[in-house]
């Protein structure tokens, strides 16, 4: 079993992967999210672990768009990782010597307030990941003075922590997904599942979004995430990346999918998988499997 | 084959029945709508012909409520009859001698303007049907001077027409239905069909009606008639009598029925039958049978 | 002050009127509902008292349609009257001698079950009101053996009660309204008010009804009654008679009225008046007058 | 007049700014979007020009979030800039010598296909802007071999273009906004305007989004952009950044704002300004200013 992940070693993504597999020999770092997913599509790895949503920064567009472009993949698990940052350097230097900080733009955004208060003059040197910045510093990069990274990668790359608790929101958490190819078997329903979809709208009218959401509401299916993404051909044409509560084995989710398939120019299914929080779904009246079954039975009886 | 109908001979209902059967031996007049339907329920007749909707007076509550109360019946056909009235009497009398007019309250309502202009002092003597009034006059009733009835029954009961074209709306039309027991076979779909339902709301909130109508809208099914009727236990609790476009053999109608069955405390199906006007239903995108079939096929493919 | 009402003396309507005025000299009986309202329109009386809704029989079409046709009237009060029936005759006769019963068709409908059980062979002789039947019997009519009327009119016309508690639903209640001309001052808001409207739909599509109901839902205004009535020009074109919670002095009701006026070909306002039950309206969040006022204040501030 | 913008000189943002002001002395480059907006908030500049939406990459989160956090700003104009990229280096080198490419992550994403086909082994060196990458190369940076930037900045920084037309979508366009402080006067309505809002949902239910969108639909106001952004306190709580058609001087837009203000925990107004495309808004029936005015007049007449 091989897992590609957004590397290098020590990233938050790597921490998420370690919830699934602690055997480092199975771990294959990728330079970015598209590369991690490409490895699954090409068969180089069996699964990819990538971030999909951050409680502060929102949806991870690189992941959402890489899922959308290319052969269909299947999400089989989600993992939550609390996000904590430290400021680290080659050696213990005073804060007023930190002028240039390398890190991933999301990390930079999540520490804005702390930086504004403590390092007023610091500027950002972007990196492809927080661990990548730590690794570059360990490798001797000279174009920055410190990095924002997670404590693990500071340790992993032998850096010195010069400030802790630098994240603006101490409760920040990032959600990661584990993705296989389309023929990966569906995880069994657990009663607390999520289903991830991509849905295009039939037209660019506001009413079209309303109509699409009614497909969910009519069957009592809640959304837990919705991201608009451009279709890409012109401004103002959107598709939506959606997580909804429930499993494709649930009749109410099947009814939503049937409704979307009928009325959307494009709907793609990226899998049903256990919710990381395992909070049981609260069913609205008339949306349990037996409600659908008895309703279908009644309609069938009318036809004879 | 025996047909009960809202009698006596010569009623508009009788005219509607004659579109189905011209053999008078098969016709069984009933004293009122509940009686006509009771005969079907008891097996005394095979079918009942009763009015359900008038273009001026609206839904015929006696029919709607008699369908709702008692064993389930099946509507197998609808017939349209243009409504025209004459003022008739035993012999040719001048209008100013007409002080009391007997007729059915609906007929009285539909000639209000003409009466207000031509017979300012006339008062209404109610009858159970327009033909019943004509028959009573022929039988020698003395408590009225003239009747409002259709031309046929004036002729049938040997009355003299003293004024024609007395209906306020010359285009008035009444819709009749032919009703059998629940085991009457469904008429085949024609592409221009109607389905008649009774639906109770889960609560007495305005939002409940909205939610119920969305079950139709989400599947692109139009309503052609909706009547609110009290549930009967208290003011403000309603159920609805509904005609919608389409046949229960149509997948979009089945999807509506499944949605209603799941979410309503009571839904009853009174049949699918050819629309009298045979105007083909204009399907909205994504609501044809093949759209449902291919959507279901897609969802099924996700489960394997 | 003069009140026309659906007469003759002793009707349920008369009982409703007595909640407003006990001075019999002010009471003017009318032969039917349209006549009672015509007297107000012509200035013959100041107000009319007429039934609008029965918990068993539903909306009173004669009232709804007479409000709709002709100059605009104003409802200023509503009254509830519990509905009880007795079977009464000239003298005490055994039930098996009762073959023909005169009463108003609504009363007949509300005693169906009792009649079916106790007077299997009895037939209906329609009357314009239950009190009218009682009066006719007192006046010596011979074409029926007994009447179904309320206890008051049995007493009033000197009849003998031969059976009590004959109504199928002992909790039946009828709602009556008191109606003046358009220039009657609006009753003050009480916190538990009703507003009565007539609304036509912009098209005959099912979606049009949904859109109209959303005008209410968006402002959190509940409906307590909705009746579809034919526009009258052809089958399938409807207008709606609606009671909603709230007073036209409430901003949320004004917002509904503005929305309806913008989008409906016809909307008429028949008044705001205290609800007979005086159950306080439960406001949804964001729909109180101060919510509207502060929202308007905010928008005004953006324009400067 | 001073304009901060996402610098350095030569960025696409700089091209957008040049549509408003060609006087270079008025231009103040900022190191990132938050910095450009901070200069306006602090009074250092009068306006900031920043990107808000890319037809390929979607909403620019840094801009959306920087508008949301901090004192309210006003958008007074929008500008469209077609997006074209070149691959440029210090001197003319063959493509197979290009191993590391520096550019902004959005630019990298928009040239993925071209790179995958022509530079299979190239890796990404992130930069804060495409012009920043070009400037760094001109300044002698050694950690990359080429940059992806716009033709203008290649010229501006004296680089050699080694490949043209490298963007995957030749029709890509980015939308920029010009932002002042809250007291900047509103641009006059032109008949083709946009209004930009931030709206939080009252709860985290799917139905809450539906309800919010109905505030727009009920008044016939179309959305041209909707982005979900995390509120930031936990996963699954969203706010929305919205562009809708129309000007706050339009009554229908005011009605939407009133509805949102009543029902959302937070709604912020970021301005009404002429749409760059100047395509006239197609009004739905009943949503013109005069429809609102006459409806309000009617309601006012009911209150007297």
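Per-chain numbering from 1; labels A, B, C and D assigned in written order.
The rule we apply is simple: a residue touches a chain if its C-beta (ideal position, glycine included) is under 8 Å from a C-beta of that chain, and two chains touch if they have at least 3 such contacts.
All values reported here derive from a predicted model rather than from experimental measurement.
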Touching chain B and also chain C, the following chains: none
Interface sides of chain A and chain D: same vs different residues, half threshold: same
Relative orientation of copies chain C and chain D, as a Cα rotation angle in degrees, nearest 5: 180
Gap in Å, rounded to a whole number, between the CA centres of chain D and chain C: 57
Whole-Å gap separating chain A and chain D, where each centre is the average of the chain's CA atoms: 24
Chain A and chain C, separation of their C-alpha mean positions in angstrom: 59
Numbers and ranges of chain D residues touching at least 2 other chains: 214, 217
Complex interface listing, chain B residues touching chain A: 186, 202, 214-215, 217-218, 248-249, 254-255, 257-259, 261-263, 269, 285-287, 291-292, 294-296, 298-299, 302-303
Residue numbers on chain B that touch chain C, as the complex places them: 31-32, 34, 53-59, 61-62, 65, 80, 105, 109, 112, 123-124, 126-128, 141, 143, 169, 171, 173, 175, 205-207, 209-210, 213-214, 216-217, 221-230, 232-236, 238, 244
